[in-house]
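Below, subunit A partners subunit B and then partners subunit C, in two separate complexes.
The block that comes next holds the complex of A and B.
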């Protein structure tokens, strides 16, 4: 596979050597996926895996204007990782990563019109991470029940304290609930 | 009949499916339902949904015009659980994914961690993995054949014969791991318990006797007229759609696509064995049944070669491999194996900590269900059961 040609074709991509993947701006995700699928050299016809990842905001050290290291807040984001393989050419994988702008209203384009295999996987990511895939034909919750409100795979997910679903709560569970209630009261006072 | 093309992709051909037509996502108004369509909910306790699985089916007479799979009844957020525990502690949880094939689930996970942390596996352990992996494939495929026939109305007998053979293999699993189904057998850098000479002797006998059982099973059912008329030409899956929808495993090969990860990736030591990859021609239910029967014969061939080649003595665990307190360097890996149901992949991200930062399972039976509606549209309601049975899913893996 001539990845140099691929890189030259799409200069907006960024190679991430630590994870051997391409970081793709979401505006050009579909264009790049279409190229991978239809190019006679790549023929990436199997989108094997679509996975969501949550990256919380963190501190990072960068060199400031005066040359001294400064600590800076790196904003958090959600990420979707695509693993492409070729069935007809028996090669792969090519890994693309697509990041959302922040974690508040994450929207990414849906790849389902190009690859049917993303249909359930994107629904799962929507269900568990809350990323909205625009252009998905049938975006609903898939594993959690429809009335569920939060996104349980996010790193900052806090399990609720109402034990409607748990008939026999354990001691530490009850203790945590009490603590949450105390914190809530303190905040009000 | 749909044209499936030849058995192999022609040079330069791109396997692609047409974009969504209006057919698969028709929305029915209330008046349409009131007039002549009937919407029924099959499941979650329907006897042939193989677990708690529901299909929301809209019927025109007896013909299916829409089918939506509904699942998640068994969801326990396996991925989140694994992110809260150590790398080692996630192994027994992988048993519960596809509880028919706990050995291959273990294998997929430990292989991914071994690749991530750079752990080598001793020779004898590699052979033991291949042996138990192929025994698992026998268990899965023969049970699937039995269940499919039970769905077709052959209640009891074929399934009983299948379970009789499965029992012999589960006895071996019990002997080597202490559990019949939840084996929890593999570890990073090897396997937990060595195969005793007696266990090897038993596996020898299975490799010897299993083809005779298959002959008997096939003589009883494979050319049965009811089986032929209910399976041939039913639930056709064109191969372009199969590839585009990410269908893998025997289902993909039944549609005529030559793609077996044991041949393509050659993970473990699969490059040392000679075996053939059976392919279907029509992509219907009968092909899916037959591909699995033929695959079992190839599995027996692999078993025989592995038993002949396995070193007499040797380590079964890499002594340098660290089990407790394993902290792989920051990085990520996507590793996949050919589980009996298809491509079982694990996508792991390590941040250098004691637990995985991201732990993702790529479940084959979950993704194989994508095409369920496409295979069932235009078929009769009674055939939905057969088509669904031929997909081969386990809800523990679909819902995770």
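The block that comes next holds the complex of A and C.
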């Protein structure tokens, strides 16, 4: 696989060596996927995996103008990871990562018109992360019920407080148990 | 009539029994389960019904594919919140007398998914359970034991007015409210008449 040619073709991509993946701006995702699918050398005919990731905003250290490290806020975003393989050319994977513009407007282009195997996986990501895939033929919830309003795999998801007593509470459960105990005592008082 | 007189009469060729015994013997010997499984526990249930463990020895081999002909509901596996309304609806469709065995850690408490967002923390929140079987999954022997336990429970049923059975009460339709799928959780999260949250019995450290 001549990845130099791939990189030269799409200079808007950014190589991330730590995860061996290409970070792709969502405006050109479909164009890049079409290239991977149709190029005679790559022939990426199998989209094996589409996965969602939630990145909360965080502090990151960068080198400032005067050379000293400065701390700045990195805004949060949602990300989708695509794994492409070629069965006919026996090569792969090529990993693309596509990020939304912030967590408030989680919209990405749907890859389903190119790869039918993405249909259910994009529905699952929509169900659990709330990323809206524009151009998806049938974007509905797939695992949770239709009336459900939350996105449970997001890191800021708050699950319903249906704690019940456990013999060995620990971590979050212990904290919740203490909270319930306090409420119980307040009710009694 | 005491047991001594009964055996004396039997020796003379007279068989005396009670109506209660006949009822209970008929019921315990043909507990037909409903044929449905929800997760991996169902595989153990199938193994129990097959030749090696042979549920037929206890008269419960006739798995019915319709709730209208079933006496026993074996809740075998993880009950997700999305599935719970359907389980309650099927239970409501079963004719009396009806029994429930909750099989496996998930069905009795949510099991490894207890702290998750999508699994019901025990089917006994919505329907009355007669026998709980722990295990992940329980072995076929455990399911057989649960069935024998249920049979002993049936043996203790009485026709008398002292301990009236649920299904002889014309006012009791033994139907339980089917929870609705709400915006964040099931609505309601449990049926108050049969389940209430347990208060923490000892101080927390």
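Heads up, the rule we're going with is that the second predicted complex is superposed on the first by the 161 of 189 C-alpha atoms of A that agree within 3 Å, B and C clash if a C-alpha of one lies under 4 Å from a C-alpha of the other, contacts with A are read in each partner's own complex, and residues count from 1 in each chain.
Just so it is clear, a contact is a pair of C-beta atoms (placed from the backbone, for glycine too) under 8 Å apart; a residue touches a chain by one contact, two chains touch by 3 or more.
Owing to the predicted nature of the structure, the values given are computational and were not obtained by experimental measurement.
Of the two partner chains placed around the shared chain by superposition, neither subunit B nor subunit C is touched by A:151. Once chain A of one complex is fitted onto chain A of the other, the partner contacts of A:160 are limited to subunit C, with no touch recorded for subunit B. Between subunit B and subunit C, B touches the greater number of residues of subunit A. When the two structures are aligned on the shared chain, A:82 is found in touch with neither subunit B nor subunit C.
In the superposition on chain A, A:143 makes contact with both subunit B and subunit C. Look at A:46: by the touch rule set out above, it reaches subunit B but stays clear of subunit C.
In the superposition on chain A, A:19 makes contact with subunit B only, not with subunit C. When the two structures are aligned on the shared chain, A:181 is found in touch with subunit C, with no touch to subunit B. In the superposed model, A:95 makes contact with subunit B only, not with subunit C. Within subunit A, the residues touched by subunit B in the first complex and by subunit C in the second are 143-145, 152. By the touch criterion stated above, subunit B contacts subunit A in their complex at residues 9, 12-17, 19-20, 25, 71-72, 75, 77, 79-80, 241, 243-248, 257, 259, 264, 330-332, 334, 336, 343, 345, 347, 349, 358, 360, 362, 366-367, 369-371, 399-400. Of all residues in subunit C, those touching subunit A in their complex are 81-82, 114-115, 117-118, 121, 180-185, 189, 197-201, 204.
For subunit A in complex with subunit C, the residues that touch the partner chain are 143-150, 152, 157, 159-160, 162, 164-166, 169, 172-174, 177-178, 180-181, 184.
In the complex of the two chains, the subunit A residues touching subunit B come out as 18-19, 37-38, 40, 43, 45-49, 51, 53, 81, 83, 87-88, 90, 93, 95, 113, 115-121, 128, 137-138, 141-145, 152-153.
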